[in-house]
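Two complexes come next, and they have one chain in common, subunit A, joined by subunit B in the first and subunit C in the second.
So, the complex of A and B:
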């Protein structure tokens, strides 16, 4: 029965996709009636646009064609403004991994410290509450000013946006480890280090992993915007560059791939989350 | 000769709330336990039994008073005392073996993996959990979980065992079986035990002495009853002994009537 339901959901998904692509195709069909436009405007925008033979928004087929092109040769490099989408994606991924990794290295130990002590938790809470809602991009000018390097600044922005969910979740997970497990460790005279690694960490791991999953999602959202600002390389810069080239089809290809990579990242962390979750 | 465990003038109170008076949980608790004795403490909820046990475990500090084990004053938790928690308190991410091994490695950090495994297996066998070594607690029944808790406490070979109402959450049949196992183990190992229970028959079966607490707040240790039944009593035969009914009536009378009106022990 469950398998049957899955099949039905799958079929429905395909139907929705076909309807969506069909509507898109109809909406972007070349218009047959010649439009009358101002002569001066025609000179300005070029013949095709002026006569209105074709809508500038690409059809699904155009995008599909570009997608095949982009995927068939993802790693070419023909200078600063013409790199394959694989290379751009790799740049973005590298920045996300570095920023996210550094944030994890800071947030998890710090979160442990905060979670272990009510005093530290209460003392740091106002700072965290103020810093957390700041858009990571608001840090960008400060990062550029102090770090004086656009690439490092992008990594810093990823760092600062992924640190909060991990910090808060680690602190919360550590603070809410069941008292009976701590009592067991106490009666066994377990050293603080051993307690942290064998009792507190596994007990808090599901909560910590949830924080990491939220963080990686935010980091992937923010990297596109950050790279639009700093420029040079990355999928965000690619989107911005294609906008300047007025290549809507390429932008759509990039948008689709950004979504796909984001989904894969989330799936990886969902797996990790499942691996550390224990049944009580 | 000095007793193995001595408790003197134990008192636990919480600071005054808005009303004014300190909230006294129990006061002036004195008792001693000899090596190898099995003691059960009975009393209604709120009389501070668990607090007394936690003080002996070193998990809580009394407001005043002292406890001595083997002539030394008790400070904080120690591997000297094994605790079986009411809620079994097993680590759900560890297997049965790993849960017990965690305790064993805490006691003997210098042991090799082989030594630890051998020791752990011995205690798994003791509580008859062969075949469940690699199961996680979530895969075990309530009785099996509590057996693991007992094996974990015994495995560190403590000088004294503290049991906080270990069978409270179990059904009657399972409880009976584990009680029998516990009797057999304790008689063999001559373990000193301090146990909380609500179950009068459990106390009669297991203990050499029964401590009766009056109702809280301001609970006191009202009576210490020596168990007159023969040492080799069993669950299936002890109710044929006339002394069993006398003892049982005495305990139930206390719990139903006298525990309420009891104020201060007569000196």
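So, the complex of A and C:
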């Protein structure tokens, strides 16, 4: 029965996709209107402008064609400003891993400390709440100005944006460990270190993992914005560069791949989350 | 006579008023001597001339000597006395050891940056012994910050930017210099298609315009143009800063009514059927500067030889780009994804000046964009008057001192001469902007003459 349901959901997904692509194709079909300018002029402008119209949104077929092109040669390197999409993805991934890794290194121990004491938690909470919603685009000029290095700035922005969910969730997870378990540990005279590692950590792990899952999602969101701003390398730069060329098809290819990678990252953390979750 | 004339020719005088002509008569007629082809040959000439000047302090004597013995004999005799070949070789490397051969130069993907960009694929940097990576950058603020951070050794900037940075406006005050202008002209006002019947700027009240940056010739020229039509650019219209790549997208989305932008943005709007070219910036001010090649004073003084080599590469690339016969080739090279990332035809239309105007006509304006490296002091003075006019700078300004410090006309002249270009003898010149002449020695009076300005 459950398998049957899954099957039906899968079929429905495919139907939705086909309908979506079909509508897209119909909506963007090039209108076949006559050329309104002379041939000499037509040669100098795009096909749409020659018929007196604005250039149109690409059809799904155009995008598919660009996607195949991008994926068939993902690692080409034709100079500092023109690299394959695979290389760009690798750059972005590297930055995300660094920024996110640093954030985790800071957020988890700090969250642990904050969570242990209700007083500290309440005292720091307003600061965290104010810093949490700041957009990466607002951090970027500050980082560039103070850190004086664009690649460090990009990593810093990922760090500062992805630290908060982890920090809050760790603190919350640690603070809400069941009182009984702490009491049992106390009666057994367990040392504070052992208590932290063998009682509190496993109990808080699912919440911490949820925080990390939210954070990695944010980090992946942030990287595109950060790279669009500082340029140079990465998938965000790729999007910006294609925007520069008004190549909507290539931007859609990148959007699709960004979504795909984001999904894979989320799946990995979902698996990790499952692995540390236990039943009472 | 030219600096590169053959000193072993008895018919040539080694003296002239401006250094470019054989006689005052020729000078007055503005005759341009065709100079030697290769930079190497030109450098040889400079050495030969120096030697002949040393041996014959009086030019008449040199000519008599040559007439008497003939050039080949003279050359042989002097070569025996003086190691001419060795001297030529030494002079070719006279720039000295390059302190920093690996450089990063930032650019914004617009045709103004043509010399900076093409110098990479066309080998102008390599020829000077430099390994330069030209890095595409997202916007003017980022290029400013990356240059201030020393991530870039030098960069493509809008010509008012180094002045603003040096004065500490919109940035921490850092002494910057413009050793060379990139391009003259080459900008345009583009309007959305729906305004094709509103060609008179007097009808533009309430329009929303975009310019690439606050400290840009685009901003000042657009404001000038609007003010001449009686519109106050701060009250009657809205002018926003939009990075060039986003301009066409915004015009298409009806977010703005038009822009005064660098190319290829204008031509791209035409290519995509989104806008039409209302007028070229050269119609406002023939020969106005736009973008500049800029470096910090710190870079220049700590790497004098590198700076010299870099500037030589830029000046030679600029000279190459100025020649109409090279424009098609350049367009093909810089349109690639690594540089401008635009359809070749768009870049070609900008550089060759044969372009679609967006209204169904094909225009032929070969000097739509020009490349001239000479950083006239008076350009800087004019920019300063406009900064004051629109309230970017308050109080008194020492025009000449800032212009002298930021626009390095002397360096440019020396290198242009070395590269075999005709460099002007003066540092300052007057020019006409929209029919009003500008005298660089009277900036205050010029400023006072505007009806619409901020106090």
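Just so it is clear, the second predicted complex is superposed on the first by the 261 of 280 C-alpha atoms of A that agree within 3 Å, B and C clash if a C-alpha of one lies under 4 Å from a C-alpha of the other, contacts with A are read in each partner's own complex, and residues count from 1 in each chain.
One rule holds for everything that comes next: a residue touches a chain if its C-beta (ideal position, glycine included) is under 8 Å from a C-beta of that chain, and two chains touch if they have at least 3 such contacts.
The shown structure was predicted, so the numbers you read here are calculated from the model rather than taken from an experiment.
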{"item": "Of subunit B and subunit C, the chain that contacts the larger number of subunit A residues", "value": "C"}
{"item": "Partner chain(s) touched by A:150 [first = subunit B, second = subunit C, both, neither]", "value": "second"}
{"item": "Subunit B versus subunit C as contact partner of A:244, first or second or both or neither", "value": "second"}
{"item": "Subunit B versus subunit C as contact partner of A:231, first or second or both or neither", "value": "second"}
{"item": "Touched partner set for A:4, first subunit B, second subunit C, both or neither", "value": "neither"}
{"item": "Touching partner for A:79 - first (subunit B), second (subunit C), both, neither", "value": "second"}
{"item": "Subunit C residues within the subunit A interface of the complex", "value": "109, 133-138, 141-142, 145-146, 148-151, 193, 245-246, 248-249, 252, 268, 270-274, 336-339, 341-343, 345, 349, 354-356, 358, 360-362"}
{"item": "Subunit B contact footprint on subunit A (complex, rising order)", "value": "180-181, 183-184, 186-190, 194, 198-199, 202-203, 205, 278-280"}
{"item": "Complex interface listing, subunit A residues touching subunit C", "value": "36-38, 40-41, 43-46, 48-49, 52-55, 78-82, 141, 144-145, 148-150, 228-232, 237, 240-246"}
{"item": "Residue ranges of subunit B touching subunit A (in the complex, touch as defined)", "value": "57-59, 76-79, 81-83, 85, 87, 89, 91-94, 102-103, 106-107, 136-138, 156"}
